[in-house]
Structure formats: C-alpha cells, structure tokens
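Labels run A, B, C and D following the written order; every chain starts at residue 1.
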Amino acid sequence: MGNTFGKIFRITTYGESHGGGVGVVIDGCPPQLEISEAEIQVDLDRRRPGQSKITTPRKESDTCEIMSGVFEGKTLGTPISILVRNKDARSQDYNEMAVKYRPSHADATYDAKYGIRNYKGGGRSSARETIGRVAGGAIAKKILHQVAGVQIIAYVKRIKDIEAEVDSNTVTLEQVESNIVRCPNSECAEVMIDRIEQARKDKDSLGGVVECVARHVPRGLGDPVFDKLEADLAKGVMSLPATKGFEIGSGFAGTTMTGSEHNDEFYIDDNGDTRTVSNRSGGVQGGISNGENIVIRVAFKPTATIGKEQKTVTKDGEETSLAAKGRHDPCVLPRAVPMVEAMVALVLCDRLLYNNAQCKTLNDSN
Amino acid sequence: MGNTFGKIFRITTYGESHGGGVGVVIDGCPPQLEISEAEIQVDLDRRRPGQSKITTPRKESDTCEIMSGVFEGKTLGTPISILVRNKDARSQDYNEMAVKYRPSHADATYDAKYGIRNYKGGGRSSARETIGRVAGGAIAKKILHQVAGVQIIAYVKRIKDIEAEVDSNTVTLEQVESNIVRCPNSECAEVMIDRIEQARKDKDSLGGVVECVARHVPRGLGDPVFDKLEADLAKGVMSLPATKGFEIGSGFAGTTMTGSEHNDEFYIDDNGDTRTVSNRSGGVQGGISNGENIVIRVAFKPTATIGKEQKTVTKDGEETSLAAKGRHDPCVLPRAVPMVEAMVALVLCDRLLYNNAQCKTLNDSN
Amino acid sequence: MGNTFGKIFRITTYGESHGGGVGVVIDGCPPQLEISEAEIQVDLDRRRPGQSKITTPRKESDTCEIMSGVFEGKTLGTPISILVRNKDARSQDYNEMAVKYRPSHADATYDAKYGIRNYKGGGRSSARETIGRVAGGAIAKKILHQVAGVQIIAYVKRIKDIEAEVDSNTVTLEQVESNIVRCPNSECAEVMIDRIEQARKDKDSLGGVVECVARHVPRGLGDPVFDKLEADLAKGVMSLPATKGFEIGSGFAGTTMTGSEHNDEFYIDDNGDTRTVSNRSGGVQGGISNGENIVIRVAFKPTATIGKEQKTVTKDGEETSLAAKGRHDPCVLPRAVPMVEAMVALVLCDRLLYNNAQCKTLNDSN
Amino acid sequence: MGNTFGKIFRITTYGESHGGGVGVVIDGCPPQLEISEAEIQVDLDRRRPGQSKITTPRKESDTCEIMSGVFEGKTLGTPISILVRNKDARSQDYNEMAVKYRPSHADATYDAKYGIRNYKGGGRSSARETIGRVAGGAIAKKILHQVAGVQIIAYVKRIKDIEAEVDSNTVTLEQVESNIVRCPNSECAEVMIDRIEQARKDKDSLGGVVECVARHVPRGLGDPVFDKLEADLAKGVMSLPATKGFEIGSGFAGTTMTGSEHNDEFYIDDNGDTRTVSNRSGGVQGGISNGENIVIRVAFKPTATIGKEQKTVTKDGEETSLAAKGRHDPCVLPRAVPMVEAMVALVLCDRLLYNNAQCKTLNDSN
C-alpha cells in the first residue's frame, strides 16, 4: 500500500535515491497509444537535478528505459515498466546524517515506523521517487490531449513573498519554460532567481506556491462523494514531497466572501453550452468537472535539508546539532512544476477512463 | 467507485436527501469493540439539521438503526450497517430547482455526467450524505481512543473574516460545544453567530475555516509515497461538500519562511522520546506521524444555495434567474465540525490498522 | 475487506441471519438503467427459503426495498442500497449450537478468528448473506442483457451421483424453472428430488454440481494476468457457501487429453468472425472471452448442518456430540442456482465496464 | 488493472516474453526481513526454462536483480523491485504465428481486445510473466515460515492419466525435487517422464494436476464472505496460464458423499486444541483456515502450442493451418509446481497481514 496511485490508470513507483534505480509500472493504459522514450524524457528532463544553477548539482541524466508494454512504438494495453538507474550517488555526504536526524525531514519518522532506513540517502522520501510519477504523468498527459485536447500547465506562482500575476487562461508552456525558475512572469522570475541564489549562499532554503491550470477538461469527470475531483487532486499533489497546502478555485480567500459574491452565475454561450461567468469553483462543482478551467494551487515548504547548523538528535537519542552536507535544492519549486503537472494528469486520466466505464456503457449500447 | 473510503477500515455510504434513507456500511472494523446506537447518535446529533437557530430548520431526528455487525453490544468483525430514514422531505421547495440550476451547486454537473438527477433535493450532494461518514467516524474515534488514547477535536476557526485565537494543544470538546457555532473562543463565537443570523436575513450565506487537532496520535501512521498521512487527510476532508482548501501545520503561511526558520528542531524529552520544539510540520514528517499534534485547516466556501436572486440557466439551455426556496444553512461550518472530525478519524483509524499489518507482523513473531 | 466484490461494478453486502436485516450497496452502476424492486424480487424468490418441499421451511418472504440510487424507475448512477429485513428467526434452535460447534461449519473458525460470534444463527456464513449478491446480480444481468444480449443460465447438473445430460448451448430458463430442483433434464430431476427427500428423512444431506452457461458474451472481457476471466469467475463462485471446486470448459477431465485433442481449432463463420469448432476452452482463452459460450461448473458439498448425531466439541474445549436442530436445507443446490448466476453476472458486468474504460477510450476519440 | 495481486502484500508484475525484461514490484512487505537475491533465485531456478530434458530448451538464466527495497540484506518496508532481463529471444520462430493464431492460445483474444499484440512471442501470456510471481512468492514463503512456521509444498499429482499416490501430510520438498517432473512418487515419476518425452517426439503435449499442501497455517486466515480463503486461492491459481480447474479438500469427489460421511468431526487434541478427525474441508471452514493442512488441486490443460499441424485462421480472417515452431514445453506441470507454491504463498501472506490488522489491533491494546 502506499506506492500505487489511481484506480484504472494506475502507477506503482519503486526505488530509493541510493540503490539500483527508480521506476514505475503503469497499469491500465489504453492500447495503441503512440509513445516513445523521447517523449517521456522531455518531462524527466524538466524534473532532473543539475538542470540549472538554482537546482541541486547532483548529476543525473535520468535517462529512462521502457522495459515492457510498448511494441513498435505503441502501447500494448499491458503494464508499461519504465526504469531509470541511479548514477551519481555520493553516499559519503550522508555519513553524518546516518546517525543525526535532519530536522523536518523523514529520517526520524522512517526509523520510528520501520526500524530500518537506507541512510545513504533520502530513501523513498527523495525527490528521485517522483521520476516514476513524472514518467507516468507524461503518458497521462498524452492520453488526455489526444482524447479531449486537454492542456495541463503548471508554473511557479510565488517564491517566498514574491508573487507573480499570471493569467491562467492564457499562460503557455513556452512562457513557463522561458526561465529556470519556471515562472511565466519574467520580471518576477528574475527576482525569484536572485532570491534563490541568495538562499543557497546563506545555506538556507525557500518555499512558495505552484499553480496549475487544466484547460479543455471534459465535463463529467469526478464523482459525487469521496472521489470528488478536488479530493483526488488534493490527494495527488499533497502526496508530493514538501507540500503543506492545497487550494482549488477561490481557495482560502474565497471563504471571506458571501455566497452571493462567491457563486458562479450561469449563462449559455454561443455554442449553446452551459457556462459560468466567473470561475471561483475552479472548474469543479459538486466534485465533478464543469468544463471550465481547473485551477489549483499547492504550497511547498522551504527545503528541509539546509547547510545552516540546527539543533537535532541522533537515532540513539542524544541531542546534537547538524549542518547538512550533500547537494540539495535551495528551493524545490522549479523542479516541482512538472511533478504537479504529472499528478494532475494522473488524476484526470484516471477519472476520464472511469467515466467512460460507468457513464458511457449504456449509452453506447443504444 | 466513489462511495467507499478507506482501505482496511472502510466505509461505503449510500442515499439521497429525498428517498428511502441514507446510511453506511462499515467494513474491516475490529471485533469485540463495545459500541451502541446511543454513542453514534451523539455525533449524529451534532451534525443534524434543526439543532440551532443558525442551521437549516429542516426537521430530522436522524435516529440511527444498526442493522448488522453488532451483537450483544459488541462488534462481530463483520460489516456494520447503519440506516437513517429520511423524514422531513419538503420536495415542493425543489420544483423550481428541478429545471433551474443553482449557481455553484452540483445540479448542472450531475445532469452533465449522468443525464439524470433526483431533482427533489440535492441527491448525493446533500449534506445528508455525510450522516454515514459521521456514523463511521464515531466508531473510528472510539477505536483510536481505546487503542491509543487519541483525541480528535475540530472547531470553527474563522467565519468570513472573524478569526478566533484557539490553542490547539489545550482546546476541549466542552469548549467547542459550549456554543452553537462551535467556536471555542466564546467572544468570537458571539460575533460569528450574529454574522450568520444577519446573513440569513440577507438571504445570503457565509464561509470560513474549520481547524482540527488530533492529539496522542501514535508515531508511524501514514506511508512514504502516495498514502502520505497529509495526502489521505487532504483527500478525506476535500471530499466533504463545499471545501475549497486544505492545510497542514504551517500551511500556505509557512511558504513565506526560510528553511532555517521553518524547520522543527528536535530534542529529547523527559521520557527519552524524540520530540520537536516547534510543530510547523503539523505532526507529520515524510508522510508519517511523528507523535506531535496533527493540526489541519479546511476552507469551506459560503453555501451555494441562497435566497437572493441570481442569474442562472435551465436544464434546457435557457437563461433565467433563481431565488432558491427551501430550508438551507446560511453557513455550513457549525455542522461541518463533526464531519471534519469524522474524516480525520476515518483516515487515522485506517492507517493505524494498516500499520499493524505491515509493521508489526514480523516483530510480533519474534 | 471481504464484503465487497468487483472493481467498477461493486457490491458490498452486510447482515447476519439473525439481526435487523441483510442487504447490499451496489456502487458503479451506470445511470439511466430502468430497474424495479419487482425485477429484483424475481431472482430473490428463486433464492428464498421455503419455496418448495426440498428446501428449508424457514419462512421468509425476502421482500426487498430499494433505499437509494433509483429515481422514477431509473438508476441515478449513485449507490443503490437494497434492504431485506429478517423475519422468521427461530433463535431457540441455536441454543445448543451456541456452545457446540457444528462439524464442517463456520462456527469454530469464526470463534477462532474473531473471539465473538452471533450464535443465534449462522451469522455471515448463513445463506441469507447471498441475498445481497442475488439482488446485485439481478441488476448486473439486466445491464449485460441490455448492452450485449448476454444470457446467463445456471442449473443443477448433478446431485450426488445423479448426473444429467444438458446441452448448454440450448438450455432455457423455462426448462430450469420447470421443476423444484432446477435441473432442466426432467427425468433426472425427478430422481434428484426423490433423493433429496430421502436425505431429509435420513436427517442427512446431499451435494452436487451446478453448471452455468453465459451466451453472447462480447469478445475481450477479462485481462491477461491476475484478472483472467476464469480467475475472477473462480473467485466469485468459490466465495459462495459450501463450494469445494471450480471448472471452466474441459476442466479436470480435459487434463487427460493431449494438446492436439484438446485444442479448439479456429474457423471463420458466415459472418466472417473468428470462431472455434469445439469449446474446450469454455469461452475464455488467455484469460479473455473469445465470444464462444462461457461454461463453468461448481462443486457444492453436502450441507454441513444435519440432524444426524455427530461427534464434536464445545467452544470451551470439551468433546461432545450434536444432532443439529433448526430448519436447514437437505441440499443447497436448488437455491444455489440463482447464486451462481448472480456471481457470474457480477463478474461479467464488472469486466464489461472495465473493458470500456481501458479499451474504448482511445478508439472513441478517433 | 489485472497486473496487481493482493491487498496488503501486493505484487505487480510486468513484462512480455520478448522485450527488455520481466519483473515485479512487491508492495507492503514488512520491514527488516532478511532476504537476498540468492534466496529468490532458488525458486526462479525451479521455474526457469531449460532446466531439464522435459522442459523447453529456451536458454534463460533468469538471473534476478533487486533494484530497490532491500538495504544491507534487509527489507526496508518500501517497494521491492526485482528485474529479470530477457535474453534468448528467438523471435523468428514467431514469424508465422504473427499472422496465424495458435489454437487455444491467447493470440486471437489479445488481438480482439487490444487491436495490437507483441507477435514476437506470447506477450503477457508467456510463462515468463510468472517470474515476478515466483519472486514475490519466495518472499511471501519466507515471511510465512518465519512468522508461523508455514510450509508450502506443491508437486505433480497426475500427468494425463498417470496419478500418483502422495501423502500430503508427510511429503517433503526433497522428495519433490528428487526428479525432473517434480512428482514425489518416484515410480510414477519415471512413467510420467517417459510419457512427456514421447509427447514431445509426437509434437504433442500433455496436461495434468498439481496438488499443493500448506502445513502449520495459523487459524483465522481468510474472511467470511467474498474473500474466503478458498476463493482467494482459487483466484490465485486460476490466474496461472493453462489452468482449467480448482479443488480444495474433497473437491468434486466430495459432492458424491452425504453430509454425515463428508463432515469433519471435531476432537480435542493433546494440546487442548480443537482439531478435526478427517480433513475433507481442506483446512478451510467458513472461508477461514482452521489450522489443519490446506490441500488444493489445480488442473493444467495440455500446452496449447504444439508442433502438430492444426486448422486455424489468420488475423485477417482466412482459414489456414499451423504447425507451431519455437521451443515450447511439452508439459507445463514440472515448471508449474513453483508457480502454484508462489500463488498459495502470496494469498496466505496477504491474509496473514490483513488478519493482524483487523483482529489483533484491539487485543494488542489491552
């Protein structure tokens, strides 16, 4: 339990940061989808370490190998296994951390739960675990685009207190990828990059907010009760490392409005479709997509592993202090952007397939 | 899919607001737990309509009947089925809403998804659906308390812009239940109640924030990757009606801190246990409970169904306007308090049982 | 766990033989299916006790009540809850069995597992538990018939050593229902009925074999590996009480043939479809339906509860003997026929919906 | 769906016979279990091709590599990924079979379901898929043995009509492994081997029955309704390639007995434990293990791929004939023995862990 996500389009990830490698098994993917390692690699490259001066310098090409499920460039309908071998594992950086718990990291809770831990790295709490998610998400995005023209674009909305104005209705992938912090507002991006570089120099770290929009999502995805679309999205992104909060549509700010201010009034558009004037619902009403843009925001805390000295304890119960060595991200947000996209894609693809199962079967028979 | 929550301690809810009744089947409950209808009724009464002047006047006693799974006052280890019949269904209030979609409600998306809808009420989107959750949560709370002394207390933290100072370490159920808005800060509570009464008079509605603390949670609950404890908590509470956001620990505010400010430093307490000085992690690190208090916050939007006139459309695609009739809550938060408690309890109980399966089996054999 | 069956079309049953009642929650049913209590009652009546002189005389009308999920005669796409109240519970028959374990019954293992047991009856091991399955199966059968014209017909193939010749390609429901033992071969049926009556007089019981055919099953249902169609069918019927074996197609007898004798050669029929000359595969190849008739057989042991005196032990570990009182079936097979049909229907319906999810999504988008 | 087995101890397999490789991800394994590649390899070697003159001569060392989840010789509690690369893939043997369907094989149904197929081999229907099961089963067996001393031994009970007398109470692994057909009755084994060699010469194939006993299984595994232990065992072994039937305990033969003959009378043994005199129940009563030996039998049809010429059709709908090339097993049973052991182990291990979750939690807290 815990390493599989989804009900119909399901991914199972495996692998520690230090060990043979990391990967994913994708089950339930429709057959006959054209897919290549190169397409998957595009998103893996957006996630990989060492991609810019504001990410960890750990050198990993993160080259993926499809082990199964694809034949002559097309999916077989059988499980797709994708493997990325670990390469640049500098375990000596972890010698001290083998006995000293990093504050606000997973070291202490892993030991408490399992009584054992791969102390040569972060184990499953390492961002390397997300390689499998991003690979699975790349396939989910392709299905969503091919079936319904869905576009999923995430971007850095805020770093610490630098918040960027971004129009989620028009933002493009090109704008997001135009700078290394992945903030489509280029002025803000510059300031953000400076702040992150400063944090690195200070042996400290920064957090912020990633926003993600999904456009052209078909109506009808999500279910009324426990599997509300916003609940699955929340679960998906809150399962990413370092997340502390989730919002959809108006989020926490919307709670200060009255109902008459907050409700999205309906109108009929030129195609005769039922639409909403505003979108404080964030594209989901009653747990089900309404065809408007889905807009969510995710809070990422500042990276726990920092070079500054902090009070901590050893696994044997002695108080001590730790200034973490190793090559860590001073801010996870630029690399978190493809991770958030992946989780949103995985949720939407799973819900799309399920919706076809339940709600099209009888209709198709008529 | 969509109507079951949990993996080991699992609840399946059923029922529309207008129809025979609503209920829950609880599967995976340990045997030999003492439980009675009266104990479950306590939480159902905190949830039911008509309990105070600031809730909907719909008259429902919500009396529960245990149909199976309990014998001579103890659980059998077999499914516990609990039924609450619907009584005060004034369907005529829904005549207009049968054709006109309520803005920001589930009417339009249900029609889009299913092509059919119980237009005599909110169907599955009705707050009546949560009866099953609250009943299941009552049992989960009892297990958690009996096994580990866990206390789960939710309360209204904010109504619109009235935010209450509450110490989550010390707040008591008695304080929460001392007023009808369920805010343990009695001064704020008075203002909140006034505001809600005013909103009702204005045929409008209000939103706010519910906070929930779980104390004495054992270390080790939750899993490293997709089933991180915060991810399951997010999924649980975001599946409640009207939720727009979720936070754990420092939440969105924590993203404006640096890592050195945000990290929770460790120390060894008098019992020799590893503890944290601060609790910005909210009781969860690396997806796993660390023994500190779990603290979450949930954003509830203002109720969608209001008496004020609003622009909308009919199911046949014509623009019109609607001033909703019927007996609706001007603010869902007082009744949402036991719902949030229930979802937190369901998640923690499920994770507790799973933890025993995976992490105790080998140890117990030694 | 243990009380839910299916992945997309899912049923969750609850209830003990003695207690408030038994029932089922059906989740994932497509919306807009016409269904009524009367239609479900047809199969419940084929299952209920007291229907003939060769079944238990326990008097239960087993009248079902739909509590949710159906509106104006059509399914809503939300969970369908169906309740049957218990009525004729003569618990005094169980006084002795409260302390003495019935040989080959569930009494002893329930006590060993749970440490508690509803000793006023068979609890979850009672055939009453199958009411929920039969109700769910009735809906599954209707979907299968409406979508693809599937016919599912089970019948008694053998009682003890009386084996009937039956042509699974042509057998009709009318033939099955033409006698109380549900064997479509009327000559054999007479002998079977005599034998069962004699067994009852002898305070003994009989077993036998139920065969089930599913005709017009679409190609492509079932999955290559763990969810092979025969594996799911086996799981489904082996979860019925009193089952000891399962066969598909040639079954155990086929293992005495050579490959060249056993293989089903292919040909092209008049419609240009790929068909097989013989059907030793039983309609499934590689775990996936091939369009031929699915034929399975299920072994039911003789009823465990008998009036003859047998050696046993008490729950306190003392050796004793027991001649069971109470009203029990001398042979479960006549009532098992609708149960087997229900399990086959539940499996096929679930697989049909899943197949639409995985294998139609991309195609439909072209 | 379809590639994951188990609920708590879960395996997900992937890989086609021709492609990068095959493997398994094992989730939910308890932490701190000592395990090595060498231990897993023992069972893989019992399964691999080319091990004797009566198996396919395909040369595969099937050397496994643990990619994750094990650290310094112990499990971490995180997913264990095990990879076996494909090596001796002689795809040219499949040129003809790319267009001609093998009778009673999965070729035609895969094409019907997915519209695509890895025609260079059997794809997921290849026995290579079972590598992941056997690897997972090796770990499950170790857990069961360490926690409860469980022994699981499978063996060939019958080849075609050559049936061996074997005492399931006393049979040893050494006896099973003492000959290449894995029948512990050495006289029968010789005849069986001769028959299989003759079948190979005849370009034909044979089927038979594998029996499996699990000894020292703790009382209480399995659940009353859908997850009866025999139902899960049936599902597990019927998901193996080429299976046509399943029996537990008295099986089909038991249906010819009367209840008074068939019931297992109870007695109290010298330890004061409740035991049964006979074991026609096969170690399971009411779906729950009773502490007696679990005994099951599985029917394997004769291998579908044979060198003899047979009538078939092409994927384009033309009638033709096929004499299969390639290196195939004339009889799968010797290699099926470790597969059956694996599936039994996977079921029992999963049920053991689940039982601890549900039934020990409250007790441990007392």
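The criterion applied here is as follows: contacts are C-beta pairs under 8 Å (C-beta built on N, C-alpha and C of every residue); 3 or more make two chains touch, one makes a residue touch a chain.
For each chain, UniProt lists the protein as follows: A, B, C, D = Chorismate synthase.
The structure presented is a predicted model; accordingly, all values stated were derived computationally and were not measured.
Residue-number overlap of contact pairs with B-C passes half for only one option from B-D, C-D or A-D: A-D.
Counting C-beta pairs in contact across A-C and across A-D gives the higher total for A-D. With centres set at the average Cα position, the gap from chain A (Chorismate synthase) to chain B (Chorismate synthase) is 26 Å. For this pair, chain A (Chorismate synthase) with chain C (Chorismate synthase), the centres built from the Cα atoms lie 45 Å apart. Separating the centre of chain A (Chorismate synthase) from that of chain D (Chorismate synthase), both taken as means of CA atoms, is a distance of 38 Å. Residues of chain A (Chorismate synthase) in contact with two or more other chains: 1-4, 7-8, 13, 28, 31-32, 77-78, 113-115, 123-124, 224, 354, 358-359, 363. Touching chain C (Chorismate synthase) in their complex are the following residues of chain B (Chorismate synthase): 1-4, 8, 10, 12-16, 19-23, 25, 27-28, 31-32, 65-69, 71, 74-81, 83, 113-118, 120, 123-124. Taken together, the chain B (Chorismate synthase) residues at the contact with chain D (Chorismate synthase) in this complex read 7-8, 28-33, 77-78, 143, 146-148, 224, 352-354, 356-365. Of all residues in chain B (Chorismate synthase), only 1-5, 7, 13, 101, 103-110, 112-115, 123-125, 129, 158, 160-161, 199, 202, 204-209, 219-220, 223-228, 230-236, 238-239, 243-252, 254-268, 272, 274, 276-277, 280-282, 284-291, 299-306, 308, 310-313, 317-319, 354-355, 358-359, 363 touch chain A (Chorismate synthase) in the complex they form.
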